[in-house]
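After this come two complexes, each holding chain A, first together with chain B and then together with chain C.
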Partner chain A sequence: MGRLATGTRLGLVEFVRQPTTLAMLLVLPPVVVETYGVALESFPQLPSLGADPATAGRVTGTLFAVAFLSGLVGLFQVISARSADERMTVAGFPRATLLATRLVTMVAVTLAGGAVAFGVFARRVDVAAPALAFGVLVLAGLVYGLLGVVVGTLVPRELEGSVVLVFLADVDNALSSGLFPVDAAVPVPGAGDVAVTDLLPLYHPHELFSAAALEGELATGHLGPVAAWVLALLGIAFLAYGHSTGGGLPAPVRRWSP
Partner chain B sequence: MPNIPNGSANATQSDVPPDDDAVVLRAAGIEKRYDSTLPLVGRTVEVLTGADLELRPGEVVGIVGENGSGKSTLLKVLVGALRPDAGEVRRTGTVGWCPQETLLYDRLTVRETFELFGEAYGMDDRRVRERRDHLADRLDFAGFLDYRIDHLSGGNRQKVNLAVALLHDPDVLLLDEPYTGFDWETYLAFWDLTEELVAGGTAIAVISHLVSERERFDRILELRDGTLHEQSDPSRKPRSAAHGGDGPVGGEGPGDDGSGSAEGEVGRIEGTTGGREG
Partner chain C sequence: MTRVAAAFRSGATELRRTPLLLGLLVVAPAYVIYLFTAVAPDGPAVVHVSGESVRTTLPAAFPAFTTPMTAALLSGIAGLFLVGTATRADARLVVAGYRPGEVVLARLGLLVGVAAVATAVSVGVMLTAFDPERIALFVLGTGLTALVYGAVGVVAGLVLDRIAGVYLVLFGSMVDLFVFQNPLATDTHALARWLPGHYPLRVAMDAGFAGTVDPLDVALSLAVLGVLGAVATAAFYREVRLS
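Take a look at the complex of A and B:
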C-alpha cells in the first residue's frame, strides 16, 4: 500500500502542478454542457433523443465533457511519464502498482471534472436521482480514462494520441446520443446482429445516465456492457502499458542469488 | 518481462549456475537490432551482434565507443529495460541505473523524486533521507531539494539523475555518460564517490564516448561492430595503483564538450579508437 499511496499522491501532485490542465478541468465542462444545451434547443424533437432537445443536449454534453476530459488525463498520464515510468519499473516499482497509481489519479481527476460538469448540468436540469446519475457519470469517465491509457500506450505521442482520442470521442458521442439515429447492425458471434451503437463505449453510459438523471432509474440492462468495457480496457491497458514500459513478455534475462 | 526488479528478496535462482562466484553481472552473446516498424520507412540496424561482459565486485569498467555504436542500447539490455534479440544477462544483487537522459518526473521536486524512487527500491523513509542528504552533500545539490526537476539547470538535473541511481547503494552500478554537464568540482566529487563505492565492493560500468582518464578504470572495453573488445594499454597504471584511495587525479574535464576541463597529470588519451556507426 505504501507504494500505491506514495505513487498516487505524487501523481496527483504532478497533475495539479499543471495550471493549464487545471484550468481546462474548470472551464471545459461548463462550456461544453451549455454549448450542447443551447445548440440543440432548436433541434427537431426526435424519438431517439428520449427527452426535449435542450435537455438531451445537456445530457450529451455532460457525458462528452467528462469522457473526453478523463480520456485526455489517461492519455497524458501515460505519454508524459512513459520514460520515467520505465526507469521506475527497472528500479523495482511493480508495473501493476505503477499502472494502478495512474488509474487512481485518473479516477480522482474524473471525480473532480465530473463534479464540475454535473454541477452545471444539475443547475439547468431537474435531476431525478443525483447520486446515481453522478456515479454513472464517473463510470463513463472511467471507461474513457482507460481508453485514453490504451490510446496513449499504442500511440505514444501527445499530438497524434489526442487526435485519435478526439475523433473517437466525437463520433462515439454523436452516435451514442441518438442525435443521428443509426439502424445499421453488425453480426457478433454468439449474439446475432447487434446495433452498431450498442458496441460504442459511450452508448451504455449514455443510456444509464439518461435513465438516472431524467427518470431516477438504474437501467440495469446496460450495467453489464459497461462492466465488460471497463474490464476489457483494463486488461488491454495493463498489457499495453506493460509493453510500453519495457515488459509484457518473457525475456531471456535472469538473475541468481549469490 | 525483461525488467529485473531490484531487491534481492525477489531474486530467483537461475537454472544455469554462474561459472565464477565472483561475477556479479554476466552478459553473454547479446544481440540487438532495431527493425523499421513501417515498410519502406527507415532501415534495419544491427546494433549489438554478440556482446559479452562480466563485472566483478569492486571493479570499474569503462565502455567506450563512437556515437551510435550501441553503448546505451547495451546498458538498457544489461539493466533489463530492453529485451535482447538473443543472449542472456544474469546478475546478482541490486542494480543502479543512471540513463543518459534524465528520466525523472519533471514536475516533482528533487525531494519528492527521492521519496518516490526510495519506494521503488523498497527503502524505509529514514534510510531514504540519510542517503539523499549524503548524496546531496557529496554532489552539492542540497540547496535544490525543494526545486522542481524541470526548474533545475542541466548540470543539477544530471546530479539528481546520478544520485537516484546511487540512492539504494547498489551492488552493480551501470552509468551512461554520468558526468555530462558536470562542473569540474562535481566531476571530482563523482570520482571520489566512485572510489567510496568500489571500496564497498560495488561493481561499476561507466559508459562514455570519451574516456580521458584511463587510470581511473580497471578495464576499458570498446564497443565496436556490435561486440566488446578489451583495450590494452601497457603504459597505464591499474586504477588501484593510480589512486590507492588517495582521491582523484586530474585529467580532462567532464561533459561532451569538455567544458570546465583541466589538464591532467596522468594518461590523457584523446577520443576513442575506431568503430562504426551502429
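Take a look at the complex of A and C:
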C-alpha cells in the first residue's frame, strides 16, 4: 500500500508540476465542450442530431474532452516513465504495483478533468441525473485512459503512440457520437451481424451519458459492453506492461566495462 | 545549401529508420478514409460549396471531407514532434557551426515532406471511393490544409508540452475541419472563417464537388499558411538559438 501511494504521489506531482498540462486540464475541457455546442448549431440538416444540435454537440464534446484527456495521460504516463519504471523494478517495485500507480494517477486526472468538463456541461445543459452522468463520464475516461496505457505499452515512442491514439480517437469520436447516420454492420462470431458503432470504445459510454444527462436514466443495456471494454483493456494492460518491463523475469545485472 | 541538405537528409534518414512511423504514415490515413467510406450509409447528400448546393451521395461526401482532415492530423502531429521535440539536437548542430536558419530550414523542409506524403497517401486512398471534379486543385487544397496544420503543430510543440500539444492538434483539426467547415452543414458558423482550416478546405471542397475554385480562396489559404509559417519559423528559430 505504501508503495502504491508513493508511486501515485510521484505521478501526480510530476503532472501538477507541468504548468501547461495543468492549465490544459482546466482550460481545454471547457473550450471543447463549448466549441462543440457552438459548432453543431450549424448542423440542422442531419436527422441523427435530433431537435437540439447544440445539446448533442455538448454531450459529444464533454465525452471527447474527458476521454481523450485520460487517453493521453494514460499514454504519456507509460511512455515517458518507461526507463524510470524499469529502474524502479530493479529497485524492487513489483511491476503490478507500478502499473497500478500509473492507473491510479490516470483515474485521479480523469476525475479532475471530468469535474471541470462536467461543470461546464451542467452550466449549459439541464442535467437530469448529475451524479449518474458524472459517474458515466468518469467511466468513459477510464476506458480511454486504459486504451492509452495499452497503446503506450505496445507502441513505446511518443510520436507513433500519439498517432495511433489520435487516429483511434478521431474515428471513434466521429462515428460513436451519432453526428452522422452510420448503419454498417460486421459479422462477429457467435453474435451475428453487429453494428460497427457497437464495437467502438466510446459508443456505449456516449449512449450511457446521453441517457443519464438528458433523460435521467441508466441505460443498462450499455453497461455490459463498457464493463467488457474496461476488463479487457485492464487485462491487456497488465499483460503488455509486465512484458514490456521485463516479462516477469528478474532484471539482468549489468556489469560495468571500460 | 549543402549543409541544409545534409541536415534534411539526416532527418529523413531518421524517419526512414523508424519503420513503425513509416507504416503509420500509410496505414493511418488509409484506415480513417477507408473506414469512413465503408460505414457511410447509401443515400443522397447535399454539400454546400461555392455558394451553391451540390447533390451527391454520402459514400462520396464522407471520404471527400475526411481526406484533408486526415492529412492535416498527420502533419500536425509530425510538426509537433519532428520539430518541437528536436530542438535540443538541433541546438547541438548550431553549436557545431550550423546557422540557426539552416537548421530551421532543414526541419521545415522535412515537415513539408511529411505533409506531401500524408497528402499523397490520403488522396490516393480517397480516389478508390471519390473522384473529385478537379483532382489537381483538390490535391492543392488538401496539401495546403496539411501544411497549415503542420505549422499549427510546430507552434503547439514549442509553446505547449506534449500532452497539451497532441490534445490541441486533435481537437483543433476535429472541430475546425470536421465540424465547423463540414460541407454537409447548411450554414457556416461565423466563427468558422476565422479558423485556420477554412480557406484551404474550401479550396479542396470546391475543387472536389463544384469543379471551380475561387482564386481568392487560394490566395487567402496561402496567406494563412504564410502567417502561421512565419510564426512557426520565428518560434523555432528563437528556440534553436536559445537552447
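Criterion: the second predicted complex is superposed on the first by the 241 of 258 C-alpha atoms of A that agree within 3 Å, B and C clash if a C-alpha of one lies under 4 Å from a C-alpha of the other, contacts with A are read in each partner's own complex, and residues count from 1 in each chain.
Basically, a contact is a pair of C-beta atoms (placed from the backbone, for glycine too) under 8 Å apart; a residue touches a chain by one contact, two chains touch by 3 or more.
Only a predicted model underlies this, so the values are computations on that prediction, with no experimental measurement involved.
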item	value
Touched partner set for A:106, first chain B, second chain C, both or neither	neither
Partner chain(s) touched by A:226 [first = chain B, second = chain C, both, neither]	neither
Partner chain(s) touched by A:242 [first = chain B, second = chain C, both, neither]	first
Partner chain(s) touched by A:89 [first = chain B, second = chain C, both, neither]	first
Touching partner for A:2 - first (chain B), second (chain C), both, neither	first
Which partner reaches more residues of chain A (counting touched residues only), chain B or chain C	C
Which of chain B and chain C A:81 touches, first, second, both or neither	first
First, second, both or neither for A:132, with chain B first and chain C second	neither
Touched partner set for A:14, first chain B, second chain C, both or neither	first
Chain B versus chain C as contact partner of A:143, first or second or both or neither	neither
Intersection of chain A interface sets (partners chain B, chain C)	18
Chain B partner contacts - residues on chain A that touch it in the complex	2-3, 6-7, 10, 13-14, 17-18, 81, 83-84, 86-95, 242, 246-258
Chain B - residues contacting chain A, complex	1-8, 10-18, 21, 24, 79-84, 86-93, 95, 97, 99, 101, 103-105, 107-108, 112, 115-117, 119-122, 148, 164
Parts of chain A lying in touch with chain C, wherever the complex brings them together	18, 20-21, 23-24, 28, 32, 35-36, 38-46, 57, 64, 68-69, 72-73, 76, 155, 157-160, 162-167, 169-171, 173-175, 179-184, 196-197
Complex interface listing, chain C residues touching chain A	18, 20-21, 24, 28, 31-32, 35-36, 38-41, 43, 46, 58, 62, 69, 73-74, 77-78, 80-82, 85, 159-164, 166-171, 174-175, 178-180, 182, 184-189, 191-192
